[in-house]
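This report refers to the structure that appears directly beneath it.
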């Protein structure tokens, strides 16, 4: 099932650059791994903000929480979740 | 280019059922036409609400406005637009 | 899976009393039917408001939307949905 | 009587990991003790957020405040309380 | 137990004056009856607004809901409820 | 004249415990002194929050500001003030 | 004592023009009478909006409510009240 | 021309007292100088808050910004500006 | 001097189409006249919404109010005004 | 295409003055370079606030994000983006 997730990142201004860089590198690696296995179906940057809009494809809300709470940037993100379902007017097979 | 659009429909309670049905039928026809020509790339229902999350692929903000303002339900919708761009961590070719 | 749903009812002031009564009677019948089949697991009134807090147990966001959008009062309700999952500190078997 | 409580945890980013771990361990122990004695009737994680939705069964608002204000994470939580009562459409005996 | 209730009245502009007057007269009679029996302990007007702040003394959230939902102006009021308890610094016996 | 005051306390997480304790002790002493002289007529805890609802009886807004701004916790509180007046439906002599 | 009052007028779109004109004429007459007797000390239009910022000089919150609630446009206004007092840095005698 | 300005001061809790005192003393001196030359026409304290409501009389928005941005407390204030103009119902010559 | 104005149009759903068309035609004529005389310096549509962002060049807040309040759609618009001034980093002569 | 961008700067109070000055100097240099090449078409200060309203002329949302995210003050700014398009009533050629 699909969930719409909007994440806004708020790193503390006093976080050392190397700590931030290491966090971001691990976040990117995990994001790409989750994309490869089909969990993180879409990932877009919101223009002008340190934020993204994402579509996750998981088996349950528990699986979604498990994925999100293990992201390296999780402690520094405001996250909003909306459960999605197929729209009666959609013609796209993968807009499940 | 991609735009993230969230539409919430608020039909007046005193709109006659046949007027509403006709509006919804025209909205659905136009939505499906725009999906077929690639303009309306994704369309999902938000669970529990008369609202959707959509991704539009257009040439400009002007083209987006032209499409949205001609939807039959446009006068009855609250619409929020966010411009999207490719995320540095995305591996999906079509997450342009 | 469980969803937390808060519903606030806003009936138009000019709705005739018999129309409102009939809507409420149908809403109550459907609510009790959904409780009997295990879909609507909890239903509480929020003290002092024409609103409730509910826990639904469904197979998917699509099933949740299907249930909610068929409620007779659906066109007159503001609905907020939050996906729930088991809490690591819970000891209750049915707090799935 | 029942109260609906939503808790959002905001630990300071500079709290040492061992202090946070010790706080969370004590919070979990107290949460489970309160569940065992029937005070904390339901406890769910909100998917994607460091937050929970809970139902407390206490004798008075004073008893609720006493319980919440002694939680180890209380100084780090935003807490919203709603008083609940039985819904006329409920058929569940324990939805008091 | 005590509950803090703030009520804001929003009468429809097209309600006939005699209907409004009759509603207000019944509201006043019920409010005074509830004050006489000790249920509605305090009632103040908020200066400059068609709104009041009230303190109710009831046996439960259910009793509070029962009282509020039977007020003649209930369908026309926005109501906010906060559960109160004794403050450790209070020296007033009746600030229970 | 009466003012309705809601105070929410936000102590910095890094305030040493003895400094906080000393502040709270001085706050309590001053609150009780103001209750004894009739200035602070009611003081209630809001269940589940480090916050209170209070009724002050003072000669003017200037007197109210003088009292509030001298409270030891003033620099750490969000304060909302509403001017009250007698309600036409009140039957309590002291709901001036 | 002084109160800061911001009033925003929201006339129903279907109010007949002559009814609106008559209300506004009565509002203006009362506003000027209250200015002449010193009650309504300042009255400014907020540029671009059907709204004003005003300073009232009255003996009590009750007097303020009495004045505001008798304004012909009172049922059509959103009103926000803030109690003012002399600022320690003011050098103007009439900024009481 | 007149501008309505509401300033809320938020000094960091860890600012040394002598630094804060020196800032406040310079702020007061500048505020009184601006009052003497007619720029800062009114200055009122909002009862119960570290905030003020002010009326400035300047030649342009640029002049207003120049004055506000040079205030010693400017970096620590939330400032809201509203442009004012003469109200058609005003009878006060200086309510320009 | 320049003012930044954001206008959102909310026409009543029951306004007859010919009344709406006549209002919009008059609004357009006045908007173009004000652009020709230099008062309405910029006018942009916000993509996806019945709203615009505009820059007005007027002699005073009073002149701005005079212009805005005479627009045919004024009674149907939410208007937000921000006073602008030259930015120290601007190199454009006409960004006064 | 044009984007409307509002930026509010929030520098940490404990940032050393020379670090802040160097950031602002680099921000100004980049802002002026972007104005010279036509990317940053308009730049205005909002009177009374450390904030600006800007119009950017870029080829895509991706280009906008690239420009904004490289500004030296980007980590310290709240940024709101609105996509603009030509207004049917505009007569200005450069209000594309």
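Going by the order they are written in, the chains are A, B, C, D, E, F, G, H, I and J; count residues from 1 in each one.
Heads up, the rule we're going with is that a contact is a pair of C-beta atoms (placed from the backbone, for glycine too) under 8 Å apart; a residue touches a chain by one contact, two chains touch by 3 or more.
Quantities reported herein were computed from a predicted structural model and do not represent experimental measurements.
Colleague: If you apply the touch rule, which chains end up adjacent to both chain B and chain F?
Modeller: Joint contacts: the list comes back empty.
Colleague: Any chains in contact with both chain D and chain H?
Modeller: F
Colleague: Overlay chain A and chain H by their C-alpha atoms and let me know the rotation angle in degrees, rounded to the nearest 5.
Modeller: Result for this pair is 145 degrees.
Colleague: If you line up contacts by residue number, which pair in B-I, H-I or A-B shares over half of them with G-H? Let me know.
Modeller: Residue-number overlap above half with G-H among B-I, H-I or A-B: A-B.
Colleague: Between copies chain H and chain I, are the contact residues mostly the same numbers or mostly different, with half as the line?
Modeller: Same: when the shared numbers are divided by all numbers used, the fraction is over half.
Colleague: Determine which of the two chain pairs, B-I or A-C, is joined by the larger number of C-beta pairs in contact.
Modeller: A-C
Colleague: Nearest whole angstrom, what separates the Cα centre of chain B from the Cα centre of chain E?
Modeller: Spacing between the chain centres: roughly 44 Å.
Colleague: Could you grab the centroid distance between chain C and chain E? Build each centroid from C-alpha atoms only and quote it in angstrom.
Modeller: 27
Colleague: Quick one: report the Å distance separating chain D from chain I, using the average Cα coordinate of each chain.
Modeller: Result: the chain centres lie 50 Å from each other.
Colleague: When you check chain I against every other chain, which residues touch at least two of them?
Modeller: 2-3, 45, 47-48, 61-62, 64-65, 81-86, in rising order.
Colleague: Determine which chains touch and list them pairwise.
Modeller: Taking the chains two at a time, the touching pairs are A-B, A-C, A-D, A-J, B-C, B-I, B-J, C-D, C-E, D-E, D-F, E-F, E-G, F-G, F-H, G-H, G-I, H-I, H-J, I-J.
Colleague: Inside the complex, what are the residues of chain A that reach chain J?
Modeller: Residue positions touching the partner: 11, 13-14, 45, 47-50.
Colleague: Can you name the residues of chain B that touch chain A in the complex?
Modeller: Touch list, chain B to chain A: 2, 4, 27-28, 31-32, 35-36, 41-48, 52-53, 82-92, 95.
Colleague: Given the complex with chain D, which residues does chain A contribute to the contact?
Modeller: 3, 5, 12, 15, 61-62, 64-65, 68-69, 75-76, 79-81
Colleague: So in the complex, the part of chain F that touches chain G is made up of which residues?
Modeller: 1-3, 60-62, 64-65, 81-86
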